[in-house]
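Listed below are the structures to be examined.
Paired with chain B in one complex and with chain C in the other, chain A is shared by the two complexes that follow.
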Partner chain A sequence: MSMEQELREKAKELLSSGKVKVVIGYGEGSIPIKSTPIFVKTPEQADCLVLNPTCTNNLTVYLPQAVKSGPVAVVAKPCEVKNIVELVKENQIKREDVTVIAVSTPGILNDAALAEFDLLDVKKISWKADGVAVTTSQGDTVIPRDAAFQKKCLSCTAAQPAIADIKIGDWAERAPLQDKFADVEEYEKLSAEEKRAFWAGQFSKCIRCYACRQACPGCYCNECFVDKNGQIWASKDTGAESNWFFHMTRMMHTAGRCTGCGECERACPMGIPLSLMGKKMSLLVKELFGTQPGESMEDAPVFGCYQTNDPDPCPE
Partner chain B sequence: MEAKVIAKQDISAWLSSLAEKMEVLAPVEDGGVIRYRPLGEGEMNLNFSGPAKSLRDHFTPETETLFRYKYEGLKAELEESPAEEHDRLIFGVRACDAAALKYVDAVYSMVEPRDEPYFARRERTTIVGLFCNNPAWSCFCTEVGNFLTNPQEMDAGLTDIGDKYYAEAYTAKGEELLSAAQFEPAGAEDAAAVEKVKQKALSRLPAKGAHEEACLSYNWDSPIFPELAEKCLGCGVCAYSCPTCHCFDIQECAQGKKGSRFRCWDTCQFEKFTLMGHGHNPRPSKKERTRQRVFHKFKYSIERYKMLGCVGCGRCISACPVNIDIHAVVAELEKPAPASEGVNNE
Partner chain C sequence: MTEQEERTEQVETKENAGWEPKLIGFLCNWCSYAGADLAGSSRLKYPPNMRVVRVPCSGRVNPQFVMKAFERGFDGVLVAGCHPGDCHYSKGNYYTRRRLMLFKEFLEFMGIEPERFKFDWVSAAEGQKFAEVVGELTESVKRAGPFEGVCKR
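Coming up: the complex of A and B.
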């Protein structure tokens, strides 16, 4: 049975038994190169669920809202299960309200891999043993794994998730094709001045559409600091200083929550490499607090605890 | 005026000579995205299906200071922002983006006084278009005005016909531009080549739609909006990539006894856009907000300005992180509604 078929069967069971009210998964997008989040509410609709290399969205972003209407099942890839762990630990959702359908896929398509294709002519995108097959009127073209998949997938080890109620796919631990922090290492070679110039250039492109924040499961605040209108913490102008302040503050606020799912960067219409910041932050979190977001249910959330042996002593 | 041609290798020389007289902007590749930027700020890239950003920020900047002030006791001084005083030319504008200017003109001139900072920029700008020869998957300009065969708001328009561009002028300004030494009269084979390119481009686009009439039957209570609301992330990608979206917020930057007042982009997709001071929000959920965007483009704009508020550039479709496709939404709304469902106008 294919992963997709297995997912549909599990979703049907969950819905017909009444265990959950909704299954959040992926459905066909408006064109074969895209999938779209869908909210499946009846066993019959479960046949609309798809699982293919275009299933990129981090669906855990919907959980805090979705659980308000009853128990939910959600399709989550290994990096996204970590978001659920953090959401539970930070009391945004109750563990018992979420059925985690953990799916280990070969990898998710990186949109840039389709640059050479006529997207109107792409009929289907599917997994093949050595990469991703793109079906067009000319037949199948297989894009090898290292070109086809998103960076995060190339460094994924599909390690056992800290929580999972249903597991689909191949969960045998795999050797990563790429070092997760290779781009951070490159970045660290820059001098402080070069780093400043790099980010100044990147942030000058920001249009403050907040797609990064909205796509992020760690950004669950009811009211973001940048949206406060009475007490203005951050100006809405798009000048260099304001954009810098917005992104740096958002990154600080997602410390210990950023699991490197990369949705902020993918959602950004201006091509700002936001995951680089997230990865740098997660290295700092590991160094300072000895934890990695979402890897265990026991580690205290970085923002939700104070330890007497905190490496940064309280100012006198 | 007769059509002209210009060899591709002469484009740089032509633009450089223009740049001596005015600022010249073109689509340049800059940090991985294509934007209209001053020549020289990156590699010019004319082989694209649509820049990441429309022309919007060149006419209504993301942040625009309206005035500065300072005060001491009861004495205050105001300093207005100076009006735009330099001429510029924007090269390589897609037909949809140029057509969008006609709509934004209507918005900013609907009530007196018209928006002077906008029109100062508008009147000092020359637009040289570049027609698409390979529309993207998300494009649907044929449904909302056919701008490839019916260009709007361009002074001149170029079409890529291989090793040269075929050029036509639509205004006196455009004619003057095409009288530059780099242009030669077009031959019959050039005209035939353009026809071929246009036909190929059109074959990639959907057939003409009739949204102007169909919008009258849009169902206010369509079940599609609660569905969109579930998946919409509530970001502003659709609106901020849209060439006709024009809404702004007015904010103040106070620093002690001086400061400035500025306007910056805002969108109906943000929760606080319609949040009132006393706490009521007439568009409290994403259901109302996604509906607003579709209805504004395809219904209210026709009622208000007698034209569609969408030029079919497809940016909101390709940029949406969750694949909300306004083209598909409109198609759904235009399916004949069951007789029992009422139609409610805002």
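Coming up: the complex of A and C.
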């Protein structure tokens, strides 16, 4: 049975037994190069669920709203299960309200890999043993893994999830194909001045569409600090400095809950390398406080607790 | 280097020579602000470059305060509070310690020299330490030079 069929079967069981009211998963998009988030409410609709290399959205972003109308099942990849862990720990959702369908896929397609294809001619995108097969009217083309998958997937180890009710796919631990932090190391070779020049270039591109924030499961505030009209901390203009302020604050707010799902960077229409900051944050949190977002249900949220022997600015 | 550029550089160095850094300090009401007061009433000498903002607790210091200061062009920022274990509100400084230790490293990652941000503990009895801390920060910011903004153009 393929992963897709298995997923449909499980979704049907969950819905017909009444265990959940809705299954959040992926459905076919308007064209075969895209899939779209769907909310499956009846067992019959479960046949609309798909699982293929285009299933990129982080569906856990819907959870805090979705659980308000009853128990939910959600399809989550390894990095996204960590988001659920964080949401539960931060009391945004209750563990018993969410059924985690953890799916370990070979990897998710990087949009840039399709650059050479006529996108309207692509009929199907599917996994093959050594990469991703793109079917067009000319036949199949296999893109090798290195080129086909997103960066986060190339460095994924598919480690055992901290929580999972249903597991689909191959959960055997795998050797990462790439070093996750290679780009952080490369960036850190820059001098302070070059770093600021780098971000000046990046942040002057930002149009403040807030797609990064909307796509992020860690950004669940009812009212974001940039939308507040009482205390205006962040200016709404799109100058590089204001954008710096916005992104810096967002990074501090998601520190310790950013699991590196990479959705902010993927959602960004201007191509700002936002996950560079997120990755550094996760390295720092690990180094200073010894925890990793989403890896265990026991760790308290990073800024919601303290230790008397935490790193100190001037140790005695 | 053209003659024009050379002259500009000379002028700039000359300007830098008389340049004094502009610093902002967030001091907790119960310890560091009282420490600053003690430094003053003990007639200790320390550089006059810092503007003080009194906060109820170092736990009140949101990293946004520091970001805003840099965004608006301050050359250096100090955050000072009670020593760990001595917080007037028992644990405010423990929370701020976590937040700011991370933030300090992150600022460095974003290209803001670590010389520009100081986070330290000053008790109400440490007037001398307060003077030293302000002196050290002023010196290190002078070494780093005028701040060119959070995004260098």
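Rule of thumb we're sticking to: the second predicted complex is superposed on the first by the 311 of 316 C-alpha atoms of A that agree within 3 Å, B and C clash if a C-alpha of one lies under 4 Å from a C-alpha of the other, contacts with A are read in each partner's own complex, and residues count from 1 in each chain.
By our rule, a residue touches a chain if its C-beta (ideal position, glycine included) is under 8 Å from a C-beta of that chain, and two chains touch if they have at least 3 such contacts.
For clarity, every value in this text was computed on a predicted model and none was experimentally measured.
Would you check which partner chain A:M1 touches, where first means chain B only, second means chain C only, and both and neither mean what they say?
neither
Going by the contact rule set out at the top, does A:F245 touch chain B (first), chain C (second), both, or neither?
Only chain C; A:F245 stays clear of chain B.
Does the superposition put A:A175 against chain B (first), chain C (second), both, or neither?
Neither partner.
Under the stated touch criterion, which partner chain does A:M281 make contact with: chain B (first), chain C (second), both, or neither?
So A:M281 only meets chain C here.
Could you look at A:A197 and tell me whether it touches chain B, chain C, both or neither (first, second, both, neither)?
After superposition on chain A, A:A197 lies in contact with chain C alone.
After the superposition on A, what does A:P269 contact: first (chain B), second (chain C), both or neither?
A:P269: touches chain B, not chain C.
Looking at the overlay, what does A:Q214 touch: chain B (first), chain C (second), both, or neither?
Only chain B; A:Q214 stays clear of chain C.
Identify the partner contact of A:A115: answer first if only chain B is touched, second if only chain C is, both if each is, neither if none is.
The answer is neither, since A:A115 touches no partner chain.
Find the residues of chain A that appear in the contact set with chain B and again in the contact set with chain C.
After superposing on chain A, no chain A residue contacts both chain B and chain C.
In their complex, what parts of chain B are in touch with chain A?
Residues 30-33, 35, 52-53, 57, 62-63, 136-137, 204, 227, 230-231, 233-237, 239-241, 249, 251, 253, 262, 264-265, 267, 270-272, 317, 319, 321-325, 327-328.
If we count contacts the way the header does, which residues on chain A are in touch with chain C in the complex?
Per the stated touch rule, the residues are 188, 190, 192-200, 203-204, 225, 233, 240-242, 244-245, 248-249, 251-252, 255, 277, 280-281, 284-285, 288-289, 302-303, 306, 308, 310-314.
Which chain C residues qualify as touching chain A in the complex?
For this pair, the touching residues of chain C are 63-64, 67-68, 71, 84-85, 91, 94-95, 97-106, 108-113, 119-121, 148-153.
Which stretch or stretches of chain A touch chain B in the complex?
It comes out as residues 29-31, 33-39, 57, 61-62, 119-120, 201-202, 205, 207-211, 213-215, 227, 229, 232, 235-239, 263, 266-267, 269-271.
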